[in-house]
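In what follows, chain A forms one complex with chain B and a second complex with chain C.
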Partner chain A sequence: MFRVLRLPRHHRELVPLYVFFAVLLIVNLALDPQMFTFARISTLSVQFMPLILVAMAQTAVMLTGGIDLSVGAVLSLMVSISAVTMQDSPGGIALSIVATILCGAATGLFTGLGVTYGRLPAIIVTLATSYLWHGVALLVLPVPGGHVAPTFTGWVTSVAVVPAGVILVVIPLLFWKFFKNTRPGVSLYATGNNAHAAYVNGIRTNRARITAYVLAGVFTAVAGVGLSGQIGSGDPNIGSPYTLNSVAASILGGISFLGGQGQMKGTVIGAIIVGSLMNILFFAGISPFYQYVVQGLILVVAIGLKTIAQGRKGGQA
Partner chain B sequence: MKTGKLKRLTLTAAVLSLTLFAAACGQIKENSDASPSVSPAASGQAGQTAAAQDHKYVIGWSTIYLTPSWMQETNKFLTDRAEYWKSQGVLDKVVVTNANGDTSVQISQIENMISQKYDAILVDAGSATALNPVLEKAVNAGIPVVAFDSLPSTDKITSKVNPDTKEWGSVMAQWLADKLGGKGKVIAMNGPAGVAVSEERWAGAKEVFDQYPDIKIVANLHSEYNEGPAMQAILPALDANPDVDGIFSQGGSMSSAAIKAIQQKNMKLIPVTGENYNGYLKQWNDLLPKGFSSFAPANPNWLSALSLDQAIRALQGYKVEKVVKVKLPTIDDNTLKDYVPNDYPDDYFPIKDLTEDEITQILGPLEK
Partner chain C sequence: MNEAHHEQVPYLTLSGVAKSFGGHMALHPVQLRIARGEFHALIGENGAGKSTLINLITGVYPSDAGTISVNGEAHSSLTPGQANKLGIYAVHQELSLCSHLTIAQNIFLGREWTGPFGRLRKKAMRTRAAELMREVELGHLDPETPVHLLTLAQQQMIEFIKAVDQNPALLVLDEATSALDPTQVDIMFGILRKLKEEGMAVIFISHRLQELFDLCDRMTVLKDGQWVATDDIGRFNHSNLIELMTGRQFTDLFPAKPDIDSVMRRPEVLVVDGLKSDKVQEASFVLHEGEILGIGGLQGQGQEEILKALFGAAPVTGGKITWQGRTYRARNTRQAMEQDIAYIPADRKTESLLLPHSIRFNTSLVSLNRISNRWGTVKSREENGIVERSMERLQVKAQNQEQPVGALSGGNQQKVAMNKCLEREPRLLLLNEPTRGIDVGTKKQIYELLRAQAERGVSIIMVSSDALELIGMCDRVLVIYEHQVNGELMGEQLTERNLVRASVIKQGG
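And now, the complex of A and B:
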């Protein structure tokens, strides 16, 4: 019966994730029958959007074999910059978005240079920059506040056939789909797979790593712009929990800690799973004291399953 | 071969998922017995004391944290008060959600309460501004929202029931300024930078200190509201300022760290401002005979119970004040004996219970 599942390899790898995701959706739907109304989908897409984007940022870095512990702090900074720079006019909104994205790219460039030319381990550099960017966020916006244009907040939170939350995720995702098959994209995967071999074969591994961090900065900036729209303000502390959630979403989505393995669409599904688990536990009426236990256990089991699967594959190869 | 592997994996995933599904279904069943909340008739804003008997309220409390002991005591006051309203046939249940410090999660949880058509929502906000849109959405959907403790900045919610945060700072600063005779060196111990409550308490204190040109703030420290981090912050500050005359601290665990550090360094027992944190009250009580003097406000845990009453008033169509300013309970050298010694652990906030009369006094008389 599995003959019908002659899917392309990049889908076949993700079948267990698809199944898990499908069942979660069914459970969620059973508990929240209005889940597929436009109003709910719009709300959910805005809820999931920042984590999906930050997880994509994390994935871009993890694919090179690195890790970025500063994504949460960068998200706080981006939300703050967005809320401080935004004006009410359409031009003012656009300018603020561009400025935020450029700042995101700059943070990525800074980290990327530290990791490559500073020859320091990513985990240390990004731990250090996480304090740095959080500090800068507090300088930009010392207390929650700032101003986000009501028209922008309205667009982000409005009910629509194609909600803003979806648009903000799909554009970077389409960009990634295009990017991964370009020369820099292939270099990024190759660097993560085996940096030495890649280097010997003429791939500029440093450039690939820096590209990954810059992309991560840009994705996080888009998340920050969207989040500032969702909350109608800025908050210099809002990003911190995203760091570990983004790692969890990436791992759940099949991204290898060792780099070079995994696909962006897996990460997107992983992030939606992390987000919807919280909703399911709420709708199931599980006591808040157990919610995090249950959530943790489900993640451990799901990630464990995947690791077992990969281990077997590895053993065979 | 590959297909076989794939099959096995898919099956495992499916089995796991089905288990989860079954577990969740069990939960739904258990829940549906006790939740008439989903009926769209839930949003009873108009005055309907009689109708309240047919439809018992489901009220949510969304809190940014639940694990700190202050929050657990607050939760206890809420559940105790909820029992009273259940016995009156008014309330079905109170559902508590804990965002564990994640503001984005708190937004989702409030969204879920709205989509489940809860009758009212109580909130202890993780961010002064980030929850405004979702709380306004609740109010627009006809769901009364009552905030306490950490407040959202929007004025579009039904009611805010809280002591004045700035007053907390100014009352303590005034006590310290009086104690120092209007001059001296002061170390300030504040909460984490960028946290609204901490900034507001400090703003209140600053206004008072600014009136005394001879009071110098020699160090302004920021740390978590926790003894460990506060200790790390205060020790170097004391080394740098051994001649400090007083300490302004805006949290009991910080005050506790301060007084421990002072004793460690064999310094003079200078005045320190505190909070009704039990570990601190006990030390204060021990040091009182040695001439130590302090002053402690209490952020009352019964704010949750008071807010529940306010939400029920709103649901029953009574008038509710948009802002209910709760008088800050305070403890001084003389009233300390009413609180300690006690049998509670250090990590506890002794507070006097709230009587029915006090509730009426604070929230005002019942008026339609």
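And now, the complex of A and C:
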């Protein structure tokens, strides 16, 4: 009857999100007719990029049934490391990016080991590490400052046919798409869905969880590199709001708190929705303080609708 | 190695494998040989040791003693990974599927086919999954469907083809047909017989006796964790099987029962007519004042669900219940409690007690209304009285009221769990496995307490997987088979043999 029903299942699940996103785009366009100019797209993509990447990090962890409350602090640390290390030469820029990403992976490994072999709940471990990484960030860069290579800053903030913000998001996204279709990718989903069943089927569930935290660290590091380029310097406190926003974006995108359910493309759209609310309220001339009220209401409604839909299907865990 | 010699070495030989849990011998030393291509039935009452035995073979538990020889190579015990490498696979009663992964993903879980760079060969796996699904007549389903959208029977079939696709040398089927209809069972048996010609052996556990006789070559009977008999299946028939499975040592634990005729003449307090719920197909029965009614049968036939439906802990989908002369339907547990009904669950640790809290806290929790003043604060003198009285009633062994329940022995925990329910003076007591994991001394105290309650006019329904307990304690026993009442035993008829017979053979059909 409806053509839309012929969509592959992985799109069908996201139809409500697509619709909501389209409505938001139209409202945004009505308020801001310039939205689809190169200049605006470049600015917006750079503006949304950190949250999209941090939300992807959060999603990788949530898919295993965990949660990462340290992503914001890790982001602060990554921005600080990037700002302190980046020299203005092609080699210097590359070296700094690689170093930052390795540091990101290391933070993830640390958390992953705590959650698996330390047998501690993710929410506790990552609450603790959020203080830890924030402290380290302050040691690396006590006050906002540092100097990001102007060449890099120029590239990130320039107006281009393919803006830097898009490139920084698309590369990790392509990597995820590849990863999801490998054995470690399936192991990650299986572990989050039913760790016991996964284990019985010979999946190394600890390794799958650690992989998720390491991936989260890497995604956050890429966000940190991009963010430092965007602001041209470092700031050891910049990450704080990203923690809860990344959870909100993941949940809006359809990632289940129970693990094992949801898709990365949903999270990306969820992050853009969270980001564009600010934009819409700005252009509508409404106080930005309302952003939080609106964001909270949307989250409650989104989760409520999902719960009702699942209840009707005879919701099974 | 010549062919004839090959034939003579059995595929699997168990010699003296045994298992105990905390001093209780779940399985005494057992000898068992299974040849290539042999289909072996395993049968016994609840707690006979069937599950323990197959868990040793599949490596879920390590064996305490003896050796497990596979293909002539001896092992002192196996891990699940080793068992798989040796060709031993199992389909367990509790399914091990990831509900939000697709059918294809589940079939290949942990052994995915990969191509260059570790990329999954999704299309190839989907094609193979579809092929396997057609063999069990699930060809109409898309291999990309998440398994939580399938029926229980379909999920069981998926689990089966997943095991079969790994080319097992020995396939262990533990109630793997429990959700299947006869057509599906035929399909499964057809595939098994084909694989038998290729030398695959099977160990089969099923509560449906006829399936065992239809499929298997040999049969082993277990009783009370001990080996009883192994022979060609043709040597067994329904009556000598029941004989072999029963005849356990009867202990002198139980208080005297009243005359059954006088019990049946008492007023009917509970009338259940055509009760239906998620796992109860149709149950009709009456309960008299001060009667102890037992509910038995093999595990997982819907016994517990009858209690839960009566207590408002599971939705009732049909039928009529009359309690103390009035139509009764509990929408939640609180309503049931207000109608003087109490439920004591099987798993006291998760469903009944708050382990880190004190005996005092646990006992008074359900009686807070009675011991609070009008401002809602607890009157501690009355609380003391209640807790002390109840600890005396069942002689709870503890240092004082403040001791955390988690620090007590299993028997004393169960006493606290019963006490807190009795404190509300229920008229109908619903018990689920009241003496599971409890020492003999405490069992005796609990039996005496239950009989004393019945003599005071409290009506009791108890679900138990222990046949002797049902026979020793109950005035009357309903036996459940496949979610329906399959027999009602009382007086002279209430024997272990009749109980086991009604547990494994469908009556009147």
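FYI, the second predicted complex is superposed on the first by the 305 of 317 C-alpha atoms of A that agree within 3 Å, B and C clash if a C-alpha of one lies under 4 Å from a C-alpha of the other, contacts with A are read in each partner's own complex, and residues count from 1 in each chain.
Just so we're on the same page, a residue touches a chain if its C-beta (ideal position, glycine included) is under 8 Å from a C-beta of that chain, and two chains touch if they have at least 3 such contacts.
Owing to the predicted nature of the structure, the values given are computational and were not obtained by experimental measurement.
A.B. asks: Following superposition onto chain A, is the placement of chain B relative to chain C best described as a clash or a fit?
C.D. replies: With chain A as the common anchor, chain B and chain C both fit in the superposed model.
A.B. asks: So in the superposed three-chain picture, is A:275 touching just chain B, just chain C, both, or none of them (first/second/both/neither)?
C.D. replies: First partner only, chain B.
A.B. asks: Which partner, once the models are overlaid, touches more of chain A's residues, chain C or chain B?
C.D. replies: The partner that reaches more residues of chain A in the superposed model: B.
A.B. asks: After the superposition on A, what does A:118 contact: first (chain B), second (chain C), both or neither?
C.D. replies: After superposition on chain A, A:118 lies in contact with neither partner.
A.B. asks: On the A-aligned overlay, A:233 touches which partner chain: chain B = first, chain C = second, or both, or neither?
C.D. replies: In the superposition, A:233 touches chain B alone.
A.B. asks: With both complexes overlaid on chain A, does A:47 touch chain B (first), chain C (second), both or neither?
C.D. replies: A:47 sits against chain B, while chain C stays out of touch.
A.B. asks: Could you say whether A:296 touches chain B, chain C, both of them, or neither, answering first, second, both or neither?
C.D. replies: In the superposition, A:296 contacts neither chain B nor chain C.
A.B. asks: Thinking of the overlay built on chain A, is A:153 touched by chain B (first), by chain C (second), by both, or by neither?
C.D. replies: Once the two structures are laid over each other on A, A:153 reaches chain B alone.
A.B. asks: Looking at A:178 after the superposition, I want to know if it touches chain B, chain C, both of them or none. Which is it: first, second, both, neither?
C.D. replies: A:178 sits against chain C, while chain B stays out of touch.
A.B. asks: Quick check: superposed on A, how many Å separate the nearest Cα atoms of chain B and chain C?
C.D. replies: 11
A.B. asks: Where on chain A do the contacts from chain B and from chain C line up?
C.D. replies: After superposing on chain A, no chain A residue contacts both chain B and chain C.
A.B. asks: Which residues, counting only chain C, touch chain A once they are in their complex?
C.D. replies: 80-81, 84, 95-101, 105, 109-112, 114, 117-120, 122, 144-145, 148
A.B. asks: Given the complex with chain B, which residues does chain A contribute to the contact?
C.D. replies: It is residues 2-3, 5, 12, 15-17, 19-20, 22-24, 26-27, 30-32, 34, 40, 43, 47, 50-51, 137-138, 141-146, 153, 157, 227, 230-238, 240-242, 275, 278-280, 282-286, 288-289, 291-292, 298, 301-302, 305, 309, 312-313 of chain A that touch chain B.
A.B. asks: Quick one: which bits of chain A touch chain C in the complex? Just the residue numbers, please.
C.D. replies: Residues in contact with chain C: 9, 178, 181-186, 189-190, 193-194, 196-198, 200-203, 260-261, 316-317.
A.B. asks: Inside the complex, what are the residues of chain B that reach chain A?
C.D. replies: Against chain A, chain B makes touches at 3, 5-7, 9-10, 12-14, 16-18, 20-21, 23-25, 27-28, 30-31, 35, 66, 95-98, 100-105, 107-109, 111-112, 115-116, 127-133, 137, 153, 192-196, 199.
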